[in-house]
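The structures come next, written out as structure tokens.
Presented sequentially are two complexes of subunit A, the first with subunit B as partner and the second with subunit C.
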Partner chain A sequence: MLYIPGNNPAMIQQGGVYGADSILLDLEDAVALNQKDAARSLVRNMINAIDFYDSEVCVRVNHLSTPFGLADLEAIVPLQPSAIRYPKTESGEEVAELLQIIEKIEDRHNLPHNKMTLHAMIETAMGVQNVFDIASKFDRVDAITIGGQDLTADMNIVYTPDGAGIDFARKRIVMAAKASHIDVIDTVFPDVNDEEGLRRETEYAKKIGFTGKAVINPRQIEIIHDIYTPTDEEIRKAYRIVKEFKINSAAGIGVFAIDAKMIDAPIVTRAEYILRLANVTVG
Partner chain B sequence: MKPKIAAQSGTFESSDVIFLIEPRPDNSGRKLEISSTVMQQFGDNFNRIVAEMLDQYDMTDVHLIAKDKGALEPTIKARLETAIKRSLGEQEGTLK
Partner chain C sequence: MLNSLGREIPEYIEGIGKLEPFQGALTKLRKGWMDEPTIPAPNKAYLPHQSKLCNSLEEAILRSNPHNGMTVSFHHHLRNGDILLVQTLTILHNMGIREITLASSSLNECHDPILPYLKDGTVTRIYSSGIRSQLGRAVALGVLDIPVVIHSHGGRVRSIHTGKIQIDLTVIAASAADCEGNATGSHGKSAFGSIGYAVIDARYAKQVIVVTDNLVDFPCIPLSISQNFVDQVVVVDSIGDASKIATGTTRITNSPMDLRIAKLAADVIEHSGFFLPGFAFQVGAGGASLAVAKFIREKMKAKAIKGSFMLGGITSYCVDMLNDGLFETIFDVQSFDATVSNSLLNNRRHIEIPAALYANPFNCGCITNKIDVVVLGALEIDVDFNVNVITGSEGNVRGASGGHSDTASGAKLTVVVCPSFRGRIPIIKKRVHTIVTPGESIHVLVTERGICVNPAFPELEENLRRAGLNIKDIHDLEIEVDKITGIPAPLEYTDKIVGVVEYRDGTIIDVIHQLKEK
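Right, the complex of A and B next:
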């Protein structure tokens, strides 16, 4: 997910060419306070006029407690981007209130309530504490994300490259997402010149369960894709597992072996996930 | 109708356009000063968009200065809309 400042036309119009899975047009932290109206108008005009190719388009609005949040929703919800990303989400009640406002706007524009989804950003200690409520109670919440910089600020700690201060939060957020069967996106890696650091952090994020990572510079996309894209060997192995599973299932056999290793349901599930990522079907 | 106050929007960055709008005396009409790095190729289109948007907001007595650095149509519309709304004092959602 590539962050793009909402008040920068050059970056917005080029946003789709870098191959990011999704782009996030940011009306929040990337926009100066005295340019919020300009960014809102720019994103509203650009969103349906620019070809973002295969990238999903999300818009990060300002929080409803700011003077900008409601105006952002009024401008963006009628355009129905893939998702609205809501910052500093702290409770299920807050999400319910937000969805009510979104649905009222959709009603006024005769829009369905089930097209655009909501990504909740967890960026405060309170949000981390309430993350399962946020992730599990609402059909429209299809992803949660961690905002590392804001979270460390809220915790009065310094963000360090090893991520020690937010490690508990990361794992708690991942677990809430897994229990709710939704996506979970890791925070940005702020040093665009430290490619090794980005690789290390992304590998760790993948290892603990994040399904993707946000980036602030197109240069970072290739490394993220490299780590998250299954290797040829993984795909071949997964294909073999699923194929053998189908054959064995048809014969009424639930557990079988490949190369002397036991294959059971969890391994098949993992193999199916890899094939979905690789867009491969087993005939 | 005419602007209440002088206002501007946009930047001098590439692919952007900066608009400055200010009120003119009643019944004095529009005064447009438009320059663009791509005037020869897209000047007609730029002028059309400006005229249409000023019509849309019924801006008659207005002095408009535009410096275009190759902005696309949605950018031109967004920046002009922002400048007009700012000049009308309609800055809802924006800190002044």
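Right, the complex of A and C next:
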């Protein structure tokens, strides 16, 4: 997920060429206070004029407690990007209020309530505490994300490369997402020149369950893809497991072995997930 | 008359002579010889122990028979750090010499101070592979009555062999030289690496002056330029601005756009069918071109592929690949940074070559003929894959033919890398303003918005499609980009021709008309 400042027309224009799964046009932290109106206007005008190719388009609006949040929603919701990303989400009640406003705008424009989704950003200690409510109660919330910099600021600690201060939050957010069967996106890695650091952090994020990672520079995309794309060996193994599972299921056998290793339902589920990522079907 | 690319070429231009239209990249070579006769090199004799040392550049020039209408040549290995070209022309100007033909292997921004000499008749003709900055703007606006002639690096050698360019005086900057004129660019405080473009000048100029800021004991080794061609030697405090000649190591671009294009280009090369053990590779020094080398290096390591040689303008990145054992040899006609000079001096697999061996089409085989893969840039490319590297979209002369057409003609796979638009200006056109390299030599264009394969190479397209690469018809990409940028208003020109673009075989591939000043 590639962050692009909403007030930078050149970057927005090129947003779709880097192969990111998702483009995040940012009206919030990447935009200075005196540029908020200009950014909103620019994003509103460019979002449907530019071909972002295969990338989904999301817009991060300002929080409703700011003077800009409502105006952002009024401008962006009618355009129905893939998702609205909402910053500093702290409770299920807050999401309910936000969805009410969004749906009123959609009603005014005769738009359905089930097309555009919501990504809730967890960036405060309160948000971490209430994350399961946020993740599980609303059909339109199809992803939650962690905002590392804001969270450490809220916790009054310094963000460190080892991520120690936000490790608990990361794992709690992942668990809430998994329990709710939605995506969970890791925070950005701020040092664009530290490719090794990015690789290390992304490998860790994948290991603990994040389904993707946000980036602030297109140069970071390839490393994320490299880590999240299943290897040929993983795909081959998953293919074999799913194929054997289908054969065994047809014969009424639930648990079987491949190369003397037991294959049961959880392993099959994981193999199916790998094949979905690789866009491979087992005939 | 029309050439085979449909460009209108005059039959004759006063001051240049009869012109022959371009008829195809290899048409003239198929004969096996060159129609034009070659001229003999100058006939000289020196007495034993005669001193060649002069006290100043001015003294050396005075001894070199300066005269009106003379042709003076230079090499551009010092790139934007060169100071000798401006100094020499200023001395000639102060001597009252007029109607000089300037034959520099290329012209850079550092040469802008000679603009007054173009206006006052000191310099009336220019032969060069490239012209930029204020000089390029002035040429486009018609500062000279006689059109400039743009040639390729290989074509320049041919022009000197045939006497189209007859050099009266050449001034050769050297970072080390001895009292007899044996000279090199590979060591000394102003080291710039290969001196390959100057070799033909030394061989054919009636007067050869070597200028150095580092006089070494006889003999100066290596003998990149050898004493038997040198008339005079001048020692100066500095041959150029060291900070602009060759410093440090070349860094790979950080631009996400250039890196994206480079990654796609490397994918194209990998799946082209030419990424094989023993492949020969040339890549430029700037932007996306050099970044391709980074990705190719990774792919070579991953697939355990070892190449044969790298060629051309050499960067420290090429040297690293040689030292990594990824290539057997470097052939170096021009070096781009200090590390390259060290390698050229100390590594016997890093070989300095003259421009004739690099790219002259009329001999028994230049090394560009053996390239498998070359990556080149473009100022513009059209839907017929013709490439412009000499005039900008605003109409100024602002680039260089360099080795573009030489390498494109020789390579089995020529990859052009460029963004689909720069600023608000589309780079893919229905018709480029000026053709330097014909589309028949270009196999594939790589932009950030997709890859376009020349339909003349369907097998290549098939290979790339099979690899899952995003292939687009170049006409579709042109329309897609126009939708983003809009179509710029056409430039306005007069009928006056201000530049003639020579193809490497001496035929005329295009002309540049005078830009109307707004």
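Here is the rule we use: the second predicted complex is superposed on the first by the 283 of 283 C-alpha atoms of A that agree within 3 Å, B and C clash if a C-alpha of one lies under 4 Å from a C-alpha of the other, contacts with A are read in each partner's own complex, and residues count from 1 in each chain.
Everything that follows uses one rule, which is that contacts are C-beta pairs under 8 Å (C-beta built on N, C-alpha and C of every residue); 3 or more make two chains touch, one makes a residue touch a chain.
Predicted model only: the values in this text are computed from it and were never measured.
Of the two partner chains, both subunit B and subunit C are touched by A:Gln13. In the superposed pair of complexes, A:Leu64 makes contact with neither subunit B nor subunit C. When the two complexes are overlaid on their common chain A, residue A:Lys36 makes contact with subunit B while staying clear of subunit C.
Ranked by how many residues of subunit A each touches, subunit B and subunit C are led by B. Of the two partner chains, subunit B is the only one touched by A:Asp72; subunit C is not. By the touch criterion stated above, A:Val282 is placed in contact with neither subunit B nor subunit C. Using the contact criterion defined above for the overlaid structures, shared-chain residue A:Pro218 touches subunit C, although it does not reach subunit B. Applying the stated contact rule after C-alpha superposition, one finds that A:Ile50 touches each of subunit B and subunit C. Within subunit A, the residues touching subunit B in one complex and subunit C in the other are 13, 50. Chain contact summary for the complex, subunit C toward subunit A: residues 254, 256-257, 259-260, 263, 448-449, 480, 484. Within the complex, the subunit B residues that touch subunit A are 9-10, 13-16, 71-75, 77-79, 81-82, 85-86, 91-96. Residues 13-14, 17-19, 50-51, 217-219, 222 of subunit A are the ones that touch subunit C when the two sit in their complex. Residues of subunit A touching subunit B in their complex: 8-10, 13, 33-34, 36-38, 40-42, 44-46, 49-50, 67-68, 70-72.
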